[in-house]
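This structure is in structure tokens; I'll ask about it shortly.
The first chain written gets the first letter, and so on, giving A, B and C; residue counts start at 1 in each chain.
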């Protein structure tokens, strides 16, 4: 009697996600209690510790992972790659949504406006629409082989589009705060803030891994069920 | 190589012949463009914003919408006739098939634009004069880019249930960078600036074209080969 | 050195989602072979035909026609293949002559318009050459589709349930045509529901059940005995 591999993956995913969510709570506590208040922006700036890691993981980990898995899928035709690409894209969409909601929450008290067409926010908005399109496409194709191929094509095209969006959108000088960590000179954040931010990065990477594992497991369970029903 | 070019032309000619026999598609795209222009005209306050400032945006948004309407046609004929298998059976490479479809769609969309531009000049009373060569160059470069992507996506969505809705959903993010640059390149031209000042924009459009035409040619087989 | 067989398929496997349409099908055909493929609905007959035509890529296994593998990279491998399927492969907006001239060009036929005219004449459609597909009766439409399929003189002719929907007269005409097409240099695969439809010209018979051959052998003499065999195989 063999254990169901899908259930094992789901369990692992749940464990990682729960750990990561605890981590998120820790980060929020760190942000509120153990980190100094930023001079210019006040209390609203605290959301930085959620907003920035989420945006970074979405843009630099989740989307490239989907693009890379898509390319490998077209080459190797391994359904696991398709499942992973879809899971990563779903998590990327959720993270983008978090960025798009925490952004205005941060922005309103500071800039006086809920939304601004600044480079980074606009890029994230675009990414969100690309990902929505990706999921809409997946939802409308029944055959798994075709769905995998089409998703992979869209994933690769989407990944190629990102630098072009970047170029088109960054020409406006935005209200967005300038980068404080990834700059040519040393990071200009005081240690207490940097500490919270780096913890945030770690936590959100863990959350990404947890969510993707969970989503992958759920999809695997569903695929296996469909195969069993048909046999 | 010569054979490939000949086949691309044969394929494109077939598509265009089929398209023009239908008669309605070019007409509907053109009427659509005219209607959008009319809406823009009534939606703005001529005293608040100078026409010349708004002109590039109006032109390009109209072009964008009309192009999506036009591009939907690219594969609908094949589906309606269930004739695409005939193309896939033939000893023709998928790259050549793509280029044939691409060329036909490009000609079609450029025709729609060629109708839109004079209408735009008429309705908005802008004088183009010296801006025309630059504007035409911008149109060609921008269109070449998003039609390339649109041709691949048309092939995908034609098999789904909501083809007419899916194409804009998938394609619009890909149209935005060329549109942004088209507007940015046209605006100085409308103001009477010389072509030399907007070369950077044209270079961006050309870069986009190279990137996405290449990708599309490479990825087309993954879409149409089952 | 032995010549490659006209068609060599090995281990063809293909699924649609959870449905396994082909589960390791082998097939070898020599010139002059005419294979009848029978089987219950959903057995994978159409999937097999489309895979042999190069329209479907198997998930495992290979197909080679005249020694060349059918894969995306080698379009010329498809040159010897002709397909008659349920779809006419004709464009409604073009006349028959325009349709066939276009198809002839795709196959690099010399003098494409001439060949198109000849092909239509061979099917008795010369008077309708200027008509659109929509204006033809079902039987005539199939003849136009046949003309298109034969334009490039394919060495491997694949027919997917060609007798469906034909009345007795049209069916007889088709049978006669198939007999004429049965040349020593050509192989044919005919997917059919009734063995009797094309029994006389068949040289081999195959029964596909659940994505596998239940039987694939030279055609027996007695069609009636075969019917009984077939019923048992289809049940199991």
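In this text, a residue touches a chain if its C-beta (ideal position, glycine included) is under 8 Å from a C-beta of that chain, and two chains touch if they have at least 3 such contacts.
Model, not experiment: these values are computed from the prediction.
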Message: What's the contact topology between the chains, one of line, ring, star, complete, other?
response: complete
Task: Compare the CA centroid of chain C with every other chain's and tell me the farthest one.
output: A
Field: Per-chain Cα centre nearest the global Cα centre, belonging to chain
entry: B
- prompt: Taking each chain's centre as the mean position of its Cα atoms, how many Å separate chain A from chain C?
  reply: 50
Task: Measure off the straight-line distance from the CA centroid of chain B to the CA centroid of chain C, and report it in whole Å.
output: 39
Separation of chain A from chain B, taking each centre as the mean of its C-alpha atoms, in whole Å: 32
Chain B: positions in contact with at least two other chains: 226
- prompt: Using the touch rule from the top of the page, what residues of chain A touch 2 or more other chains?
  reply: 145
Field: chain B to chain A touching residues, read off their complex
entry: 149, 152-153, 156-157, 159-162, 166, 169-170, 172-174, 176-177, 180-181, 184, 204, 208, 211-212, 215, 219, 222-223, 226
Query: Within the complex, which stretch of chain B touches chain C?
result: 3, 7, 10, 14, 17-18, 21-22, 77, 80-83, 85-94, 221, 225-226
Message: Touching residues of chain A toward chain C in the complex: what are they?
response: 77, 142-145, 226-227, 229-231
- request: Can you check the complex and tell me which residues of chain A touch chain B?
  value: 74, 126, 129-130, 132-133, 136-137, 140-141, 145-146, 149-150, 152-154, 156-158, 160-161, 164-165, 167-169, 171
- line: Interface with chain A, chain C side, in the complex: residues 15-19, 59
